[in-house]
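I've put the structures underneath this note.
Each of the next two complexes has chain A plus one more chain, namely chain B in the first and chain C in the second.
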Partner chain A sequence: MTAVADTAPQSAARERGPRTPWALTAPALLLFVGVLLIPLAMTVMLSFHDWGQYKGIEPVFILKNWHEIATDPYYAEMFWRTFRIAILTTLLTAVLGAPEAYILNRMSGRWKSFFLLVILGPLLISVVARTLGWALLFGGNNGLVNKLLMSLGVIRAPIPFMFTETGMVVALAHVMMPFMVLSVWAALQRLDPQIENAAMSLGAGPVTIIRRIIMPQIMPGVLSGAIIVFSLSASAFATPAIIGGRRLKVAATLAYDEFLNTLNWPLGAAVATLLLVALILIVVGSNALIERRYAEVFR
Partner chain B sequence: MRRNGPLALIFHVIFVIIMVAPILVVCLVAFTPEGYLSLPTNGFSLRWFRTIANYPEFIHAFWVSLGLGALSSFVALMFAVPAALSIARYRFRGRDALAALFLSPLMIPHVVLGIAFLRFFTSAGLGGSFAALIIAHVIIVFPFALRLTLAAATGMDLSVEMAAVSLGAGGWTLFRRVTLPLILPGVISGWALAFIQSFDDLTMTVFLAAPGTETLPVRMFLYIQDNIDPLVTSVSACVIAITMTALILLDRFYGLDRVLAGKGDTGR
Partner chain C sequence: MAYLELDRVAKQFGAQTVVDDFSLAVGKGEFISFLGPSGCGKTTTLQMIAGFLDPTRGAIRLEGKDLTAIHPAKRGLGIVFQSYALFPHMSAAENVAFGLEMRNVPRAERAERVRAALAMVGLAGYEDRHPRRMSGGQQQRVALARALVIKPSVLLLDEPLSNLDAKLREDMQIELRQIQRTIGTTTILVTHDQNEAMSLSDRIVVMSQGRIEQIGTPEETYERPASAFVSQFLGKTNDFAATIDRTSAPARLVAGSWSAPAPAGFSGPVTVSVRPERIGFGDAGLAAKIVTRIFQGNHWLFQCESECGPAIVIRQNDGQTQPAEGETVRLAWRPEDMSVRAGAPA
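Moving on, here comes the complex of A and B:
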């Protein structure tokens, strides 16, 4: 889980005393407690406060917002939509990203690094610009995507992409794809190419090799990529806001609306807290499952 | 190793086209001579790039983004470098917990961070200020600054430092003349990656920015919410061009694969 390599404490500076490591981390620790942990705690507190159209925020302890989220089917539907979109996005990136990483890995040197750059580069380009690109490609019922699909005979009638979940999933999958490719790519680097040759020499066909040799070995990569894509998609803001418009709300865009349009901060804080808790539970839970299932691969 | 078959290559070509298409279409539409969104069919025109000059709020937002990214990445490094040296060299109680805390902004959804900072800074009387934006950005770019500094500090040859100590260097001199130069590539790459993160962030910043402190992504987002016209595509094309330039420089200086590998662990 932690990304810190285990390094031996072989250090010339060790004689400086046991307080040195704390003295060096103290500024950062103070910063994190002061401007990260305290604001997060304040947000959780805020979700228990009362709010009224005219009286504003009242610092009392009530369960009103939580009760509203638990009983009003609007919130259940919105959270279900959020996680449905995240799951579909994750599946789409896995189904397309894993084979692409495999193909990339088999390319020769120069092509490999070129296409890796082409596929991973978008990771660093503004999400607003990338989503804008999809909005242009979708563009109503006679957008480029629909024209292309119809001229290829894939579909008869145009599919509505803008302001629909379909459009959100396609655009989000594009935004998240680099994470999946990168994750599977990392798993492929650990794979011994000789195993593939050995399987071939023993008479295995290409389908058998992929199913029995490659798939089991890159599965941890696919799964850890899936966790990243899922958690980022479930909390995505820009893409759902631009493609979904004002009608189709997900958790992040709803919280934004409560905070900056309706001004019901306590309710928005409750939505955000629920999203944070749900995501932490899902990510930590699936990480534990994967690590137990693939203990030998991670060793 | 076996070569890719024709089916695999067809899949690859379609995949790459889909990955590039949205970015390409933004850049193409930006060159339209028409007054509406269209692919440039009758000639390219720089009309919409010139139009940007009539919208000072976009230019102002660009400078805000630039200043915010540069400053917050720098401040983050001031905190991250000592922390990275400590985590890389010492094994002490709480070390793993500290590392997890410092990397935690990667795991917390930015919408939650935005809300938490909005609440916090409004109570502190700093709502909508540039100072609040800087502090918030320091937190979100900190993991990136820490990661690359940590990688450099972990791989450092400590015998060089020992030699310097034996020659009488100590304290600040040791850090400035020996340690810092040795980890500098990691520190600069950490700054660059942190800058890109800060420059791109929309989700958290949209909660904190007020008119006057809007960053470029926030300005673009608010503009798109009202209407999509060729102006926003030309602004996006400029952003894409700037990012590409930064990417190429980063690749030359440090190797993009190493930088991206640092980013790929987001959310874990």
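Moving on, here comes the complex of A and C:
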């Protein structure tokens, strides 16, 4: 009996042929290799090449760029700033986005779909347009809000926003919010609709219900949202480029500058590669941690 | 005095009246079932007692005190939800302990009560298991233990057994009844399964479209259904059109060629309702022809065409020869085995 059950799937696979899955995924696989893996490998290789102001790129294998990144404190500061901004953005979206999703989930019918649209709407607008909006509101003396507050006498000097880390975090949080809200929202959908009533009937007050019943159950959603927001923020380009400009650089804008302004492609490639490796390590590591910690909720 | 009392309770959602004029007095320790088809307002009524919904009209009292004025968290009722609503991130023991924690029961006593509650529902040794790693029946038991461990004044069960397969459901019915008898908690069970209601309850509240059709013991509701709805809903029944014949003295109740002394208080067209197992084949009575005869092990099921329309008859398989298909028979029953209602059958 067991023998029959064991061989059944095998014979089915044999009928379809062992190559069928490969044949079916080949087009996507080719595209994946062609536009992602090969350029990526070339970028990694590029980071070991030499570059000079007058000689251009020399295809040799040296550790010059990596040595420079490792020793020059400028790069350490810049990477530290990149991840600091990403962490703060992640915290801000989590602190605002989780309650937002919870409140949204408790709304009734019509309001729920309306506000869901309000939250997801920005995804339809270009990141550049959204970030420029912040620049229009807070950009120096001409920013709308700054002008208004100064004319009202609330503040003397314009609120520093452009070229500050705070400004970058705020603008990035705004851009990333939908990802957090959607992620928490998905976790909330998996809650038993009667779970709050169950806790209430056992004598729990509203604060206890949120702290002891809701939070632990949506935590995986918050954390997976955090991973998305963190990796997108750390590698974000448009928002840091507009808010930070060339004065306040992060890894992505630095790599861009090395590629297109200094034309030092190998150094830019080294920065980009380091950013990618660091992100992969952080994301994979925290994902493993989360899955182990919340095994019961994930099942 | 009634322990739990619902006094003309009504609930409206917008213009739609979902529960209306619901009055019920539950005695202490009683086991009551709300029985009715889907959408008749059973859950709504239960949720009003629990406090998750506010009644539009009427009063709910527990030991004479107005229950609607008390916050659901302070009512001290035990509730088992249809979906169980267990806390998936807590183990079975933590689930059961939650209500005790909320009551600030000291740790040692808490552990002891949790252990006892889980043992009572047959889950000793499952303390550290998480709900998602348990079977439906086990989850159901955890939910029951969680509701019972707080020593609730009333236990509310919303179709707790409907997610279980037939065999497990029967086992749990027996267990539920035993547990309820042992600890004597006043219990209200919502169900749309008439067998469940009959085998568990002291009294059944039969509901239809938000209204009470009948309140009575299982025997009463089965033997003396107050309306056509009740008799149809609680098992199979035969409704025959009959009249009261006042030309003879004393007056007689007549259905086709069957007749009996007329019960008091009726006139004109009436409906005679008889359960299939109460009809026998005799020498006199309603003329009928047997259309089909089905053998069902311990009994026979006959579908007949009678003078007063189709009729079903159930006879015990007691070894006697039974009439064959196509045979003409006479259907007879004792007057005490029927119930009579005014008006023609629906």
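A few remarks follow.
The working rule: the second predicted complex is superposed on the first by the 260 of 299 C-alpha atoms of A that agree within 3 Å, B and C clash if a C-alpha of one lies under 4 Å from a C-alpha of the other, contacts with A are read in each partner's own complex, and residues count from 1 in each chain.
Convention: a residue touches a chain if its C-beta (ideal position, glycine included) is under 8 Å from a C-beta of that chain, and two chains touch if they have at least 3 such contacts.
Remember, it's a predicted structure, so these values are computed and weren't measured experimentally.
In the overlay built on the shared chain, the residue A:Leu29 is in contact with chain B alone; chain C does not reach it. Judged by the touch definition given at the top, the superposed model places A:Gly268 against chain B, while chain C stays out of reach. After overlaying the two complexes on the shared chain, residue contacts for A:Ile195 are found with chain C alone; chain B is out of touch.
Residue contacts after overlaying the shared chain place A:Ala76 against neither chain B nor chain C. With both structures placed on the common chain, the touch criterion links A:Ile213 to chain C but leaves chain B unconnected.
Looking at the shared chain after the overlay, A:Leu289 reaches neither chain B nor chain C. Touched residues of chain A, counted separately for chain B and chain C, are more numerous for B. In the superposed model, A:Ile155 makes contact with neither chain B nor chain C.
The contact surfaces that chain B and chain C form on chain A in the two complexes overlap at residues 193, 197, 200.
Taken in their complex, chain B has these residues touching chain A: 1-5, 8-9, 11-12, 15-16, 18-26, 29, 37, 78-80, 82-83, 85-92, 95-96, 98-105, 107-112, 115-120, 123, 135-136, 138-139, 142, 147, 150, 154, 158, 161-162, 165, 196, 199-200, 202-203, 206-207, 217, 220-221, 224-225, 228, 232-233, 236, 239-240, 243-244, 246-247, 251, 256-257, 260-261, 263-268.
Residues 50, 52, 72-79, 81-89, 98-99, 102-103, 130, 132-133, 146-147, 150 of chain C touch chain A in their complex. Those residues of chain A lying in contact with chain B across their complex are 1-5, 7, 9-14, 18, 20-22, 24-25, 27-29, 31-32, 35-36, 38-40, 42-43, 46, 96, 99-100, 103-104, 106-107, 113, 115-137, 139, 144, 171, 174, 177-179, 182-183, 186, 193, 196-197, 200, 206, 224, 227-228, 231-232, 234-238, 241-242, 251-252, 255-256, 259-260, 265, 268-269, 272-273, 275-276, 279-280, 283, 287. Within the complex, the chain A residues that touch chain C are 192-195, 197-205, 208, 212-213, 216-217, 294, 296-297, 299.
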